[in-house]
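There are two complexes below, and they share chain A, which is joined by chain B in the first and by chain C in the second.
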Partner chain A sequence: MRLANPIPPRIVSMIQVAPMALIFTTMVLLPLGLIFVVSFLDYDFARVFPELYLGSWEDVLTSQLTRDLYAKTFKFVAIVWAVTALLGFCIAYFLAFHVRTMTVRLMLLATVAIPFWTSGPIRAVSWVPLLGREGLVNQALMGLGITSEPLSWLMYSEFAVLIAYVHLLTLPMIVCMVNSMGKIPPSVIQAAQDAGASEWQIIRDIILPLIRPGIAIGTIFVVTAVMGDAFIVKQMSGGQVNTATMAIVTELNAFMYPPAAAKSVVMLVIVLALVGVLLRFADIRKELQR
Partner chain B sequence: MTARRPRSFYFLATLLGLFIVFLYAPMACVYILSFQGPNGGMSFPMTGWSTHWYEVLFGGTGGQGMGDIAASFRRSIRLALIVAVISAIIAVSAGMAYRRKFPGSNFVFYSAITSMVLPGIFVGFGIALTFNLLGWRVNWFTSGIGAQLTWTLPFGLLIMFIVLGRFNPSYEEAATDLGANARQRFTDVIVPIILPGIIGIMMASLTSSYEETARTQLNVGTGNTMPMEVTGLLTASATPVLFAIGTVTTLFSFTLVGLTIFALSRLAKRRTMRTAA
Partner chain C sequence: MNLALKQDPAEISPKAPKLQQATMGHRFDAELVAVTKRYGPGAPAVDDISLRIPRGSYCCLLGPSGCGKSTTLRMLAGHEDVTEGAILIHGTEITNKPPVERGTSMMFQDYALFPHLSALDNVAFSLKVRGVAKEERRNQAREYLELVQMDHLAERLPNQLSGGQQQRVALARSLITRPKVLLLDEPLSALDPFLRIRMRAELKRIQKELGISFIHVTHSQDEALALADLIVVMNDAVIMQAAPAREVFETPANAFVARFLGGHNVIRSEGREVSVRADQCRLGRMPGMRALEGVIGMIEYQGTQVRITITKDDEDYTVLMDAPTYFAQSPEIGEPGVMSWEASDEHVLG
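Here is the complex of A and B:
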């Protein structure tokens, strides 16, 4: 007869989770707290003083520039979300309901997923031969006589930024939606078909309501990626487009920590609020365990 | 049952085809243009085929701001290997914890979600700021690894949820009935069953550590990591040598991913053979 384990199971669990809790506390939560504190401190070109100074906050909350930057960020978020959601849905729907065998479905998913493993900087430079002034798109347009001179807004522009976002972020949407669609029992669709529902009615009344968790999680990926991005904006716009996150990075590079911190707090509150709302539509743990 | 395809099938199939072209076209240009002739530029047409730009890359004789690619590659790989191992250990341990209810489980779970959804730049900024205020120097071994763990651990935990959510507890009960102690249950029953998940966590951590910049950048201390070095080259150089770098690094990433998939499918095959036998 073995002796009962002397340590209660709850305590064992707490010990097992401790290293992870430690990392998140020291590397995420504590730093976030310090960002908040520093946003209220005074600074000069070299360092931060432990003195109360509300100028950074005044600046963030009252300046027209901040509003313009957020307007630009939200414009990008809205456009990228709309495009990736629509495109993602069409492709996910095709993979889940039109493709008939699992093998073909997995092969097509892999085909769509492979380019995702290209590193960011390489991905950015890869658009030059296509969208640049002497790029293939301009060569084709001029060759076909559609334009007489190269279009300059294809690369290093807002358009280029949007293209790069859609290129990167459609995949998470597709994966989340396909995953949700796979959980719809075929019999439900079959029943609707037998009752005479059109394809559009099935999409609107059955599929869309049932894949809400997938849409929510995909949206979290897309929204947080666009809001937190400074790299793609900088590379694809050639530094010509400024967003809220870009402004923070610029201040970070100039060691202007308090104003950067105040702006970061605003951004973090917005991101976490958005994610909080989106998580109401999806229980991540339940989604994963089924 | 070869029912006729509805019209929407052809429309969506075309859309998917166009999307795949859109996905692959940029990198296809990179691969082709990396073999550009010595006098060629960063756009088509090709001025002959050559391996000139690879020679510039590996010879290091180009003098075009090639920096120190080999050193940053070694730095990145060293960091990625350590992060992969630590992530797997911590994530497996935490995953085991979540098989029971315990106080603080929601706190850790929502910390993980927060860490995952927060823009990397702010996490990186926060860590650099913390080190700065405490008077510590940022260093790849402390702040660098820590910053990367904030990115790899949430995914590790989610993978463990997937793996342990599908774990059939009767195997473990059978082992207990046969007299296995907690340690034997873990090493002889649980680990072999969740091994594909552990490999998955290590490879996901390895690749994301290797590519991460937003969190790492401010915290890695002296010396660039690979993506930082490549980003630096983008601004310093405007010749097809960039495409040679792109081809080589992509080949490397794909090899990593390919090896993972190969290892996982070998495991799966061995398992089905064993159950069939």
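Here is the complex of A and C:
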């Protein structure tokens, strides 16, 4: 039986897409356009004038200060990515190939995930009793006689920011990699063992190439989270470390919308470019399908 | 159950293979000695089985799913620990050795090709991990791809190959390790019927050419009968019968073997349980022959033969008759039917 369909299929598709298109246009594209326009406007301490002013862009593209800010951001991205990728791979590999039962695997994954049931501010504050001057780590180091006075760089420092990032972002890295590893049939690993491959050779020649999409997705998580974050930097460095995103927040708080807008556009372009490169690395659509 | 040990190995040895093994001086390519596999409390998956596979045999492990045949194969491969007992390959004990030190190679049911490597690099993988130079290993891999007639598609990735082609690559990848025994886990079950018959001829050809033993797990009796020098029928974790194909078919050891192989009627005759081949049974009462009366339940035309099912007391009995005889008699479904057979065709079951 064929149902008579008076609406052409092209129109039907357009109607189906319409709600999402509407939301995307009004909530994403229009505000982005607005930000782009504002970045070219003049401003004073409280207002934005509808007059062309290229100072904000000049500042973003030429000043040494902005370049330092971006350098700091990229440094964080690189270090956090390297550490979370290594940690994430080791933990994911253990969970996927050395833990035999699904129950134990899920239990172990849960222990990693449970700290994230608390809110961000609570987690940020809870680092103090561990890393602070009077914290557990310093007490232990002094108690063991390794240091004579408390280490000051454990908390409210770049180191503390990195620790918090790694803690936050190792989990998505693990989940993405475990997911990819779970898709490797056990027989493929056994076939490699039959061929005489050592554990290290299996990791290098079989597992790493096959989990590339998982690594790419995990990397996107890490890159976008670190580049878009101002909260952790502020909390963990006590305001002593400045990044490009922190600068945007500071300017917003000071009602300096045009330079904040210009920096935001630059940030967006960089993140989109990075994601674009990562997507070339792995067929993510295929990864999400199954 | 040590039926296999009573077997005279000389009887089942195939004709001298063309390519002889490097290692001589052993009588059996593979031996299982009282091997048991338990996964936990309860019935074992494999229960105290012993089996000897003579040199250069094509051996089929045949049985219904869950009978322990795949577990047995995986224990041979070293992918499953042996709970009790010992496994020998070429007379050397390898029970607890890792897969690569056993001299076995496994061809997996899902082929297990490395999806990111070309057919050629899949085959060359075992040479790569041994540190053979690129040019050298690719040349060798190409030879094995030629053996399985896949050299023209050497650069393709596995997902660009059909099921049958992937299987040939998997076979080449297993053979390049020069195994003493090749293990095949339901190798033909994913292929369509036409390809399955072609591929099984191919397997037999390659086995004869290399002269090594193949141990092939299957649940298809046709496949086992067509391929095997030695058929090992398994059920409920034990070996029911291990013998050459003809012996298994003509003199099944028990009712299970007779029923599982098909083409047999299991009948109570003179107070004993006997099997009679369906093609030796006739329709209609014959003078001097034993008979059984029932109702004709089903008629299947199969081209050269017609398969007639006679139902009596909820049991089905089968008569295979040739087409001309069938059309001469032209029985109808629902009519009373008599199946008769010669007393001399009865085979007493254990």
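Criterion: the second predicted complex is superposed on the first by the 271 of 290 C-alpha atoms of A that agree within 3 Å, B and C clash if a C-alpha of one lies under 4 Å from a C-alpha of the other, contacts with A are read in each partner's own complex, and residues count from 1 in each chain.
Everything below uses one rule, namely that a contact is a pair of C-beta atoms (placed from the backbone, for glycine too) under 8 Å apart; a residue touches a chain by one contact, two chains touch by 3 or more.
From a predicted model like this one, the values you see are computed outputs, not experimental measurements.
Of the two partner chains, neither chain B nor chain C is touched by A:6.
Contacts of A:192 after superposition on the shared chain: chain C is touched, whereas chain B is not. Of the two partner chains placed by superposition, A:143 touches none, neither chain B nor chain C.
Of the two partner chains, chain C is the only one that A:209 touches; chain B does not reach it.
The partner that reaches more residues of chain A, of the two candidates chain B and chain C, is B. In the superposition on chain A, A:252 contacts chain B only, with no contact to chain C.
Touching chain A in their complex are the following residues of chain B: 5-6, 8-9, 12-13, 15-16, 19-20, 22-27, 29-30, 33, 41-44, 89-91, 93-94, 96-105, 107-109, 111-115, 117-123, 125-127, 129-130, 132-133, 146-147, 149-150, 153, 157-158, 161-162, 165-166, 181-182, 207, 211, 213-214, 218, 226-227, 230-231, 234, 242-243, 245-246, 249-250, 253-254, 257.
Considering their complex, residues 185, 187-188, 190-198, 201, 205-206, 209-210 of chain A touch chain C. Residues of chain A touching chain B in their complex: 2, 5, 9-10, 12-17, 19-21, 23-32, 34-35, 38, 48, 87, 90-91, 93-95, 98, 108, 111-112, 114-115, 117-130, 132, 134-136, 139, 167, 170, 199, 220, 224, 227-231, 235, 245, 248-249, 252, 257, 260-261, 264, 267-268, 271-272, 275, 279, 284-285, 288-290. Put simply, chain C touches chain A in their complex at residues 77, 79, 98-100, 104-106, 108-110, 112-116, 125-126, 128-130, 173-174, 177.
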